[in-house]
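Just below sit the structures, each encoded as structure tokens.
Across the two complexes that follow, subunit A remains constant while its partner is subunit B and subsequently subunit C.
And now, the complex of A and B:
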């Protein structure tokens, strides 16, 4: 359906299906649900800021309301925009630390053994809770020793040998916490005949900055990223990301929440699983799978932002192509962490209650491990279940 | 006790104002209304707090009355008024010469009118037609006629007046050529009544012609229909008027959560006054002219259309009814027609309801030999407060999330709404944020008999979905406080949904039509309302 009014909320017919699908409304009675917080509230907020309700901060921005909406209302965007415009709660030290994944990551990777060991200690986590209001039960992702960008610098010559090239948007997580995922991506792309480059001066996509209220900084970084993406596009390169949330932020949140026009490059930004699946389907690309790879039972979890992109099926179909993988599709539901949301002490109970049925389904699936396209889903599932979690690209790389 | 000093027939703003004025002056008053309060012209206009600027050029007297009452209403009815400010814009096809004359006339009538740069006007009101070549700032605002009438009724009752709604006057009791009371029928129960008073006031608006006829008196009235459209949300935050001779659809008013464009003007026969439908031609005209004020109207969802009848007293044969002065007409039928004990108050406008009441009660005092001064220009209406509504709302939000709407509607009286438990805070109407507690307050304190009455007191069902989700919840709450059994609730619900659809049908396209479909699935498909729950 084409958007007709400049006020997208007008298309709402009050059917309330969004609230039925809202993971927060289901477990936290303090949250009025997306219909009231979004289109209903927006109409009242046009009378004045007094009609803003701080309970909107309970929204975890999963966008499942938008996926459910039959009228194409951008409910999640309306709620996030209202928070940006009206919330009186200003970001503090905790928000600064959680949001600046770039800055914190670049420091932490220098001394990662110390950081990892310290953050693993129970007394330290209690202190972090006391000082920062980050829940002590929350387990931090481990920092890598040395960044992915550092590793890539050593690969430049080898990557330039390939006739076909793509630009990789690795994201903060691959850079500071999980370089092996980036390395797996490079391995797969090389096997398909593509060399991998980095963008010129990639910045954090800004998703955590947006959700923690650092809009000006998010905008600055977004502009820098768009400039880098335009440069890559001009050189004929597709920009591919492994993280579903980075992809979603670059494609949709830049325009909808930061009000930046990315229409010229949007279609050039792709998700790794989709890009690779489409290559494998075009008849010109094949992968040589290792016949000795051990059989594994993998449960796939669909991240919320990937659902919003509408691209879950690409990851699932890609996993199905791997001969040694026996795939279990988990029901699509939010894991509850929503990036930095679940780290905050006041959200911990909500976060875990949302994920509860997913955790039970994972345990019952008798899988060897879980696969998902989102790093924060990985942290949540690894913390809350007995299973390890990998990116589908890592699963694919391991079978080559 | 069926003896009073004064019986007022008609529960619009004027009748309510007369009842309040009487009560404040210690006069025993009974108000009789055949339907609910504010069902006639009172509730069927723009809801514009006129600065008087619109009348300044042609009708200095009305303009002066307007600006005086404007300032009084801001004080005594702060919770019914929003100080939006107003703009009179000149478009390329209008003349800037008129603007000069307009400003001069405004200033002469005591209305502040400041010409501003069109660029500034676009900053003040971003929705305004960007091609404007002139703009004048005036002290317009918006006023909620339902709240205003309800507050007058509430205050009248607090000061001893008696109010009977759903009570029809069958005949005037006339003894020795003098009106001494009324005979009535309760339209719900069928119960008959006789009430006596020294003076009966005819405050029936356009229907006053019929009441006067019961005493053999002829009042020449001119029913002029005015149609309006309600848009789904606030398009503008400042009232936008066209700076030219008054014409069709040249005022755009932001009222509470919506915007209203109006009006048209056409002569209608008397037998159609109870049967106001908005025609396709009227809708088209309103949209065409309205989008000259704010182009966004062309692609904004229209919630509904409605029409009212102006109670103009005919002074000539003008077929449009527009050049008739909206001046106040007080008729003492003793001197005019030789019928004692009967007074008609008509003409005027919502803006001057208080002054109309003052003049009427002054006449009553004179006739009854009572020496009591009018205090309605100073005494605050219940809910109004010296602290601004915005301040109250801010406090309310800090205390209980989501109470801002209740404060916006009821002013300080919102404190009487029970929000002590989650069940009381639960929303009945989500579009307009009406809680269970607010419904109960309205039923118990504001004289609500059915769902349509409840809508007028609270805005329940006036939002985007037009009753789709709230009407059945409200019916349940009303049943639980003993206002209706389940059969009555079902009939009430049917009446309410039918009334909502009447307003939606003239504009049923696009999203409004989709909404209507969903409404019909829910009430017809799920609740089986058409069938009234009977087996096939």
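And now, the complex of A and C:
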């Protein structure tokens, strides 16, 4: 493992390749791009915070700059760290609501029919825009009635029957919005001979807290999660997540942005598609596919944080193993939403402009639906195209 | 994951090798740290300096990678051109006789192929236009109108100069250091900006038929130059800019897309950091992202110092991944104090056998090939042969793998 110093920016050769691949710089001329916002600006910011430029808040933290960089500079981390350290913009009610996905989710799931119906109303969305600066064109994800954790508690006995066990980091989205994805994950793991457990007191991974400036709270939750992951690791359990962004946050952002040492458990945190694909390749595991499953044409979209993890190929290869799936691989590009970024009124136009060519490619792909490992990409694509979006694990579960 | 061939590196050599393999039915994966040095290339490809490059290479010594290709070079040159064209990189030029291309500093340099639409000369002494307008975006840092104008005047061209701007480019200048080629090219992907530029051209170029611009005509779109020509009725030519080079980026993108559409897989943002051996052959490599790849054959196309394939340490030059045998001058002899002389470090690289199999501890590894800038024995800058060596050795390696 390479060691990174706070002078990592000095590895920058000023080649500008990062700015070539920055989705924000491509559509918003106000953003100086990752080279200037990152390593160039860092040189100055070391002298003093007065060199911080608020345009850094336009960065959507997709990390595509880091994937493009030939010199291994952690450009996105430099930008995010500078925002954490220097930004004068204090989070408000909007940031609080968007960032506290677990708090909001636990309330919303109790009264989800009301919340879903209300947030679906155009006049309400205009009021939300007026009060909160959340764009009225943005469609909110629907809340589930009852949580995934609630469902899992009823499953405990059945799951304990399996000789092999894993711990599942389900994330807020599965818990509050999409329990069926979690249930699909359990179905697949059971079919592979694994029982699924919850972590002890899982908290939101904190990705939205970090990007909205609630660093102390993010750290607190991260420490709690790391303690739970350590406990699971000590019990010999792999910790597997379906969400690519949760996985990325637990593995990389905790260390890089929150300055927490996760080195002892990092390699034990895996992504569902990677974990399952590796099982299927080890010669000891097989899945029985349903020969009557209808043929479907599926377009796969690579989420930015999965690109940064370097693991998109696992999701693609896993989808290729499903006999009734005809796979179309979309060119890897940012969909524009970047978690809570695209919800904010001032970012809406940038967000949609970034995704425009992806939406066109999806429509042109003549797919039945889209598959992706990230929940916020799903919201963006479902809102901006005519297609439904599923997680590869859901596609897999439906074919068994 | 398992592929027939895993290629380490993502530049011109890696992409050509990959395309040739996948179009011959082999599965192939490319592992690359980031984007390649094509981003700094000028949109032209050199085979070898001299009026007749194919004749010039006949005299090269046995240390030169070309000497291992023997009489195949002409055929390899044709195949490389074909692959570029299949990928959508339209070129002019042929291997029988070099032509000249105008560099960002206005100098004319010999080359074998250049991307269509650029300022070129058959003999280096004349151009096929007698007057021209040089039109450059205001505040653009990476193009030097005066150098180009001086050069054109020496070639008896009557030159006028003009600057232009577009509302989007005015905003870009809020960050003056980021007013770069890609930003301008992206603006010119938009139809309204093409139309605005076309009317500027019609207004400014009343007295001349030829308009010369920096090579920033469209980033995603490839039809911007022809659109402008059609609307204005003028001949539009471009000259490469300083990096990042839009033409080079377009070439990389076209080659990557071609490779992927043909079934190739690119592990982007991955550095190959470890490998395992099995009975004298490479069995797997593992990347910085924890991905282990197995293959029948491995190709080392990791580039030289700038690409990250070679490293110059105080103890000497080394090859980074396999610790392959290196042919390089002593550390104290790596540089020549005369900046524009042939720099000895340029010809450092790995030792390979007659089939470009990589030598490790004096033995050729049977399933590990080297190609491109990581190879020893040539000076790409001084000889003008970087692109040719990259493409021809890549194709020779691919051929050997296919025929095995």
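Basically, the second predicted complex is superposed on the first by the 394 of 400 C-alpha atoms of A that agree within 3 Å, B and C clash if a C-alpha of one lies under 4 Å from a C-alpha of the other, contacts with A are read in each partner's own complex, and residues count from 1 in each chain.
Convention: a residue touches a chain if its C-beta (ideal position, glycine included) is under 8 Å from a C-beta of that chain, and two chains touch if they have at least 3 such contacts.
Bear in mind that the values here come from a model prediction, so they are computed numbers and not experimental data.
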* Now for A:368: first (subunit B), second (subunit C), both, or neither, which partner does it touch? -> neither
* Does the superposition put A:12 against subunit B (first), subunit C (second), both, or neither? -> first
* To do: In the overlay, answer first, second, both or neither for which of subunit B and subunit C A:313 touches.
  => second
* Could you tell me if A:50 is touching subunit B, subunit C, both of them or neither one (first, second, both, neither)? => first
* Asked: Is A:149 in contact with subunit B, with subunit C, with both, or with neither (first, second, both, neither)?
  -> neither
* To do: Mind working out whether A:326 is in touch with subunit B, subunit C, both or neither, as first, second, both or neither?
  => neither
* First (subunit B), second (subunit C), both or neither touched by A:40 -> both
* Asked: So, A:29: does it touch subunit B (first), subunit C (second), both, or neither?
  -> both
* Structure fact -> Both partners, subunit B and subunit C, contact subunit A at residues 15-16, 29, 32, 35-36, 40, 71
* So in the complex, which bits of subunit C are touching subunit A? -> 1, 33-37, 39-40, 168-169, 171-172, 174-175, 177-178, 180, 182-183, 186, 220, 243-244, 249, 257, 260, 265, 267-271, 287-291, 307-308
* Structure fact -> subunit A contacts subunit B in the complex at 4-7, 9-16, 29, 32, 35-36, 39-40, 43-44, 46-48, 50-51, 53-55, 71
* Asked: Considering the complex alone, what residue numbers of subunit A touch subunit C?
  -> 2, 15-17, 19-21, 25-26, 29-30, 32-33, 35-36, 40, 66-72, 267, 281, 307-311, 313, 317, 329, 331-332, 357
* **subunit B - residues contacting subunit A, complex** => 232-234, 237, 256-257, 296, 299-301, 390, 393-394, 397, 401-402, 404-405, 408, 422, 427, 430-431, 433, 463-465, 468-469, 510-511, 514-515, 518
